[in-house]
Structure formats: C-alpha cells, structure tokens
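Submitted below is the structure of interest, expressed as structure tokens.
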Amino acid sequence: MNNSEILAALTEILEQRKKAKPDSSYVASLYDKGIDAILKKVGEEATETVMAAKDFQYHNEDAALRQKLIAEIADLWFHTMILMADQGLSADDVLKELASRFGVSGHDEKAARK
Amino acid sequence: MNNSEILAALTEILEQRKKAKPDSSYVASLYDKGIDAILKKVGEEATETVMAAKDFQYHNEDAALRQKLIAEIADLWFHTMILMADQGLSADDVLKELASRFGVSGHDEKAARK
Amino acid sequence: MNNSEILAALTEILEQRKKAKPDSSYVASLYDKGIDAILKKVGEEATETVMAAKDFQYHNEDAALRQKLIAEIADLWFHTMILMADQGLSADDVLKELASRFGVSGHDEKAARK
Amino acid sequence: MNNSEILAALTEILEQRKKAKPDSSYVASLYDKGIDAILKKVGEEATETVMAAKDFQYHNEDAALRQKLIAEIADLWFHTMILMADQGLSADDVLKELASRFGVSGHDEKAARK
C-alpha cells in the first residue's frame, strides 16, 4: 500500500469507530470522552515526541530509540487524525493545505524534482 | 496530486533544503539552528493546534476557524516532517508504522472498507 | 500560612516522598517511574492549562471554570516541583532566578512598590 | 527576600505592567497581544522545560545545564503568572489551592515537619 492508501484506510477506520460503542475500542472511547480528552492526548504525544527526539539525539545509533521516535510521531499524527475525524476534517484537508502552501501541484512538483 | 504525491514532494523539498544556505529559507535556517529549535516549534505548533481546536469548538460554524485548525495541524505535521528529515527519517516511516499498527495492508484494507 | 511557608511545606513533602515506597503515594510512584514519566505529566498539565484558559476565556464569569484554571496551573507548578525535587532542585532556585532577573531585591522591591 | 516577598513583588510588577504602554516592556506587549499569545508562550516554555530536563538528565554534572533547567522552569512559572495576572488571578490562588490539596495548614505543616 502506498501512503495515500494508508491514510485513506486510517480515515475510514476513524469514521467507522464513530458508530462503534464507547467501550468497543480506544478510539471510540476517546470520541465519547469528547474533544478535551482528544486534545490532552495531542499535547501528551507532542511532549513524548520531544522526549524521544532528545533521547535519539544522545544515542543516534540506537535503532530502538529511532523506532521509538517514529512511534511517537505516529501517535501524534494519529491523535491529530482522531481530532480531525471528530471535527469533520481529515488528513486530506491537511495535505491539501500543505500542498497549496508549498506550491506543490503536479506542475510545480516536476520543477521541484529537477 | 494525491496524498502520496504530496508527501513525496514535501519530503523532496525538505531534503533539498538540507543543501541550501541557512539564510535561503525558513526550513534551511531551522536545520542550521539544530534539533532544539525544531523541537521547540513542534511543541509550539501542538499548543497552537489545541488553541485552534478550542476556538473551533466554541464557534463550530465559523469557516475561518475551521481553516485555522487545519492550518495549525498542517504546521504541526510539517514541523514533525522537518524533525524527521533532520534525523534521516520521513513520513514513509510514520505511515508504515501506523499501517502495521492497525493491520492496514492491502488485504486488511479490503476488509476495513466493507 | 504565607506563600513561603506553603512552598517550604510542599518542598518538604516532596523530599519525604523520595524515601516512601513507590506504591505509597502518587508522588512516590512518579519518582519510581523516573524522569520521563514526570516530564510527560509536565507536558500534559501545560496542555490542560491552555485548555482551561480557553474555556475561561469563553465563559469568564464562570466561577467553576475560574477554579479549574487555578487547579490546572497548580497541577503544572506541582509537577515542575516534583521534577525539581527529583533533580535535586526546588522552588527556591526558581524564585531566586526570577528575583535576580527582575532586579527584585529588598531594595529594588521598595522602588517597585512605589 | 523570602519567597513570599519575591512572589508579591513579581505580582506587583505584573499588575503595574497592565497600565504600561504595549511597547514599553515585554510583559506589556504580551498583555496587548492577548491571551492566545500568552498561552502560546506557556506551551513553548513547557516544551523548553522538557528539553532542558532531558539535557540535564544526560549531563547531570553540568552546572550550566542545571542552571538552564532552573531558568526554563522560571520562564514557565513566570508566563503562568502573566496568564493569571491577565485573568485577574495570582500566585496566591495557586499556592492556596496547593496548600488545601495537601492539607498544608499551620497545624498539618507541623506534622509534616516532624
């Protein structure tokens, strides 16, 4: 699967969990607790990303700490995706915003790839 | 462009900026300042995401605040991408991690889409 | 009790908990988990402070939300005090730093109070 | 000066700056920018506290990094004091809350000091 397909699959999972019972999954329980619980997790994962990056800075040959940093950023992205799903948004909105900001279109991309 | 292409184009831009002079772009100047400057921005954008989400919670019909939330999450993702580029990682690593975590593969995705 | 006495009493409690068994109190368990667990809480309480401040901004006549903001800042200060105790520091160090930074001494204070 | 006096002097300085012109001091400019600018700083200083604590964890004999950690926590406390001043609160509210939470009164303190 490519990144588009992964993001689409995750978005679909996050939508499905909206219909699930609160106690059926972690994501369903977060929706049920509401936006403050989700935002608390976003702040928490950002802090854990910073901590993991500092550990990796001091041990940059350590594969486990490299993987830990990836896992923390994955947690951070994932919880922002839960936030977006909760608010009727998705990763598409974020990537469209980033693309427009950097002038990344089919045409510009060619230029960027040169 | 689809999301895979946008992420690939952004990743390429972030790699190119590594070779650029510090004063030639915002990203190049962040690399030059080092990991602490990048992490400080990650923390800052996480805080701004939380603030934008609270504003949107109170005015959830306000299109400008909806766009502000998208823009803050875009900032957050973008600065984690700068962090990853700085550390030899990329969005591919994060999405691969998320896919494995949720059992999202070509096969599972079919099941998820049902 | 005045603020000096409260800070001194809290500092003493935090020192005593260092000798306590991990399962005897929340603070003792945090010391036992180590600095990353403490830092995670600092990040979490900062996020909760931001959220409580936004809620109070939108309902600034609400006494419960006013108290919630105070409680979150109290949590934040308290967890930085745990961090300091864990690292051999205390509130005295922080207030001494702030006093020196603002030229607040017995003499300067008189000037400031005019 | 003891901690009570330092907190009182800082509180007075923060009150005075409310009447000052925005461009006359850093604190006055923050009040003028509004609560979001203050909260952004709270989040930023929390992140810098986490980073400084990680650096000190790896070099715990380094006096400069010890001082850096103190300075970052001082920044964090100071910006929460600006937030409180901006919202009609003060350090007194926070310490009163902590005292009540830990049963720290004149009487309890004696017990705690034994």
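Labels A, B, C and D are assigned to the chains in the order they are written; within every chain, residues are numbered from 1.
Here is the rule we use: a contact is a pair of C-beta atoms (placed from the backbone, for glycine too) under 8 Å apart; a residue touches a chain by one contact, two chains touch by 3 or more.
Not measured: the values here are computed from a predicted model.
When the CA atoms of chain C are superposed on those of chain D, the rotation angle is 180 degrees to the nearest 5.
For chain pairs A-B and B-C, the one joined by more C-beta pairs in contact is A-B. Per-chain Cα centroids separate chain A from chain B by 8 Å.
Averaged Cα coordinates give chain B a centre that lies 32 Å from the centre of chain C. For chain D, the set of residues that touch two or more other chains comprises 39, 42-43, 46-47, 50-51, 54.
Judged by the touch criterion defined above, the protein chains are all mutually in contact, each touching every other.
Chain B makes touch with chain C in their complex at residues 46-47, 50-51, 54-55, 58.
Residues 1-10, 12-13, 16, 35, 39, 42-43, 46-47, 49-50, 53-54, 56-57, 60, 66, 69-71, 73-74, 76-78, 80, 83-84, 87, 89, 91-99, 101-102, 104-106, 108-109, 112-113 of chain A are the ones that touch chain B when the two sit in their complex.
Residue ranges of chain B in contact with chain D, taken from their complex: 36, 39-40, 42-44, 46-48, 50-51.
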